[in-house]
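Just so it is clear, A, B, C and D label the chains in written order, and each chain counts residues from 1 on its own.
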Amino acid sequence: MAQPAGPPNFLTASLNRAVAWARTRSMWPASFGLACCAIEMMATGAAHNDLSRFGMEVFRASPRQADLMIVAGRVSQKMAPVLRQVYDQMAEPKWVISMGACASTGGMFNNYALVQGVDQVVPVDVYVPGCPPGPQSLMHGILTLQEQIKAAARSGR
Amino acid sequence: MTRVETVAASMEGAVVADSLGQTVVRVPRESLVTAVTAARDAGFTMFIDLCAVDYLTRDPRFEVVVGLLSLDPPERIRLLVGVPGDDASVPSITGVFAGADFYEREAFDLFGIDFAGHPDLTRILLPDDWQGHPLRKDTPVGSVPVQFKEANRAT
Amino acid sequence: MSLTDYLPIAIMFGIAVGFSAVSLVLSRLLTPNNPTPEKLEPYECGIVPLQDPVQRFPVKFYLVAMLFVIFDIEIVFLFAWAVRFHDLGWYGIGAVSVFTLLLAETLVYVWKRGALDWNLARRRRRLVVERELEEAA
Amino acid sequence: MSNPPDVVTGDLEALPSTQHAPAETSVPPASSRRTVHDLWMSGTEAPSDMGRFTDEGAQEMLADDSGTVLAGQMGTLVVDDYERRVEPSGDEIQIINMGPQHPATHGVLRLQIELDGETIRRVKPIIGYLHTGMEKTAEALSFMQGPTNVTRMDYLSPLHNELCFSLATERLLGIEVPERADAIRVMMTELNRVASHLLWSATTGLDIGALSMMIYGWRERELVLAFFEKTTGLRMNHNYIRPGGVAADLPDGWEEDVDGIISGVLTGLADYESLLLDNPVFLERTKGVGVLAPEEIHAYGITGPLARASGIGYDVRTAFPYSGIEQYDFEVPVFSGGDVYDRFLVRFEEIRQSLRIVKQARDTMPRGDYRTEDRKVTPPPRARIDQSMEALIHHFKIFTEGFKVPAGETYQAVESARGELGMYLVSNGDAKPWRLHVRGPSFAHVQALPAMLTDSLIADMIAALASADPVMGDVDR
């Protein structure tokens, strides 16, 4: 966003906050389901504990229309460049949630095949613990990300 | 004489054994294709599994294990083929069972066993530029050392 | 028919243009804009494309586009009739039905020629053939 | 009944115990099309030359493939039933990627498709995007920790993986599991089959266009997952079925939960069947689509609902019964159409049959211990540790080094939701398995995709691919 010059006065600060409010209220996740966490991500999106309360129930397949990438599952060495390519093709502003232990740190598979933590490939904003994290913990991660965005807007980043 | 004995009898050098209740036929490497064809004609028509094992210090170092299944009287057979470590090559059975294609590519990818006669023997699970064959016993697990202890103190 | 009768149309037009103008300007102002080389590349499910996609699309796609245009324009002409169909009475219905019949005739021609059939069955699995014979018998 | 070591696998005790020294990651050097992403810490701006390409040039489909490779990609390797071979006109050929990140590939499967207009001429599946090296990790974990690793392979039916690993280990150990453990295992795995089929019908309904299936398909599955969470502690990846029995006994009041699941799933199933099975659009999309011939099923080793929809009634539960499943009576649904419609029918009927088994297991659940008495395998109850020194020694030994499994090799198969899930387990007398190979049913199904998908429209291909129910954890391991 064109960064208004000078300290955040009333006009530009409230614009920042308004834009941040608009962005957090309907972040569309890019469906990057890899392994077991993808099943829990789909369960979060389904009717029982649905994501549409946060305006996020529509999982955009193509990165062009998505502004949040939930890396749900273990990232193998063969998949890392693909993950990086999809991340690069997402439009700004974009955020990344690393869902589950395998995405965040390689989890229980400390071996040749997995990237030990997806932050070696893409910048991650929120790490959701769990293996797989339940729908409630994923939603908690999403709410934390929304707080993060609003806090960043308040501080005029 | 059960079907397994007829299958074994039709190949010289085949030895039938019993491993915890399951019939196992050890087959010399050269007559693997004839053994699989004989098994299929004897009724083991469904190809179930092909995998490799690395015994590291045993004389034929590698072992290719072919699992077949017959449906009407439900019965399983397991063919074991010893493969020496230096020239790890086995005749491919994709001619007999088309389903062995991916299994042989996986055995090649993770163990480095060459399957002579396979239509396109390339890596299947790892990217092409991967050095080495990870499931061999002399390859380390490849784990990143986890620095719990040496993590820098909060200065 | 003084000019004021056209006022509502002008307001409608103004709102339409205004809405699109505002949304375009706002998005131009607020959205960050840095086109990186990766973003300009075609999206191939995450795989980096080596050669750019084939430009020559098969003719079937073009054919379907033409068929759509024909039948879409037909509906536009029906609008003119639909607004005043009370006053036009039977004469109107006659004219429109001739018009529609002509177009229906083109649909039948196109159907018979097989332009709508996308999948020239080159491979009919034995199970499918057996099932159809079963159902026929 | 010891097997003669020299014939079967040679002298296994002589093999060195596998103490892998933790070594640096052997990061493969970069090559032409692939630069390995270096360590890049989050928060900082990404270095510009991040990994860009992925080097599977050799695995990709070539424009001029020929011979058996072409026949394999066109799916005519086993049964060639092309009525009219139409040579494609040169200019219209497109090879596109239905790649790893695609909503309709049910995971990170990559299909390279040669398109002749809208019709698919040939398909090449490329897998490996979820390869987690689980078989290598299994060699570094003890038998006690095995189920945690194995349960993450086929993440739609984790309990089947654990059951297969536990049965294989118990056969090598030569121990028997008490009746109650067997009955709990059968009931839990059948509930897992119900949950997996419900998820499959939801995602396949979504692929075919019945969006309400995706929204409501999960409703009944949550019932089953709630029971799993109550019993095993986790919704997925339970590590509940372990060598020697199950981890914990059933919670109090589990009978009412199971009754609730049975009635809930049956009413839900009735809704889905009325929604789908007579819907003309659904019939148009699924009849005669993605057909598999019996010869292909034999050649590719396809088992499970796919085989039973093409007339081959092979079910591991009836052919090679395990865990006392032969005492429950249930039918194996077999249809002969071989297309997506019959796969729906098979899976819906299997949900009913599994619920019948669950009902019988619930009514005749035997009393007794849920773990074997053999203290060498199962840890002693927590209270006993404070009282007896021997219990403390057993507890310590099991949880530090794990129990030693006598040398030998065995193949154990279980009927998972996707087909025959087999495990070839070799032990050299150590506390860690020497080799564990998992024969995933989806691996065979992915290999048979060209036979199902070629010469159909892209929309039909999506339906056929979804009906094969490939789970990539099962394929790539």
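Brief remarks follow.
Quick note on the criterion: a contact is a pair of C-beta atoms (placed from the backbone, for glycine too) under 8 Å apart; a residue touches a chain by one contact, two chains touch by 3 or more.
If you're wondering where the values come from, they're calculated on a predicted model, not measured in any experiment.
Chain pairs A-B and B-D differ in how many C-beta pairs are in contact, and the one with more is B-D. Summarising the inter-chain layout, the chain whose CA centre lies farthest from the centre of subunit C is B.
With each centre defined as the average position of its C-alpha atoms, the distance from subunit A to subunit B rounds to 42 Å.
Computed centre separation for the pair subunit B/subunit D is 20 angstrom, with centres defined by C-alpha atoms. The mean-CA centres of subunit C and subunit D are about 43 angstrom from one another, to the nearest whole unit. Here the spacing of subunit A and subunit C, counted between their Cα centres, is 36 Å. Counting partner chains per residue, subunit D shows two or more touched chains at residues 25-26, 34, 52-54, 56, 99-102, 128, 131, 133, 136-137, 140, 476. Shown for subunit A are the residues in touch with two or more other chains, namely 77-78, 81-82, 85-86, 111-113.
Looking at subunit C, one finds that residues 46-48 touch two or more other chains.
Working note: touching chain pairs come out as A-B, A-C, A-D, B-D, C-D. Put simply, subunit C touches subunit D in their complex at residues 44-49, 53-54, 56, 58-61, 118-128, 131. Touching subunit A in their complex are the following residues of subunit B: 125-127, 130, 134, 139, 141-144, 146. Touching subunit B in their complex are the following residues of subunit D: 1, 3-4, 7-11, 14-16, 18, 20-26, 28-34, 54-59, 67-69, 72, 77-78, 127-128, 131, 133, 135-137, 139-140, 171-172, 297-301, 303, 312, 314, 319-320, 408-411, 420, 422, 424, 426, 434-435, 437, 439, 443-444, 446-448, 476-477. Across the interface of their complex, subunit D is touched by residues 31-36, 38-40, 42-43, 46-48, 59, 61, 73-74, 76-82, 84-86, 108-109, 111-115, 119-124, 131-132, 134 of subunit A. For subunit A in complex with subunit B, the residues that touch the partner chain are 77-78, 106, 110-113, 116.
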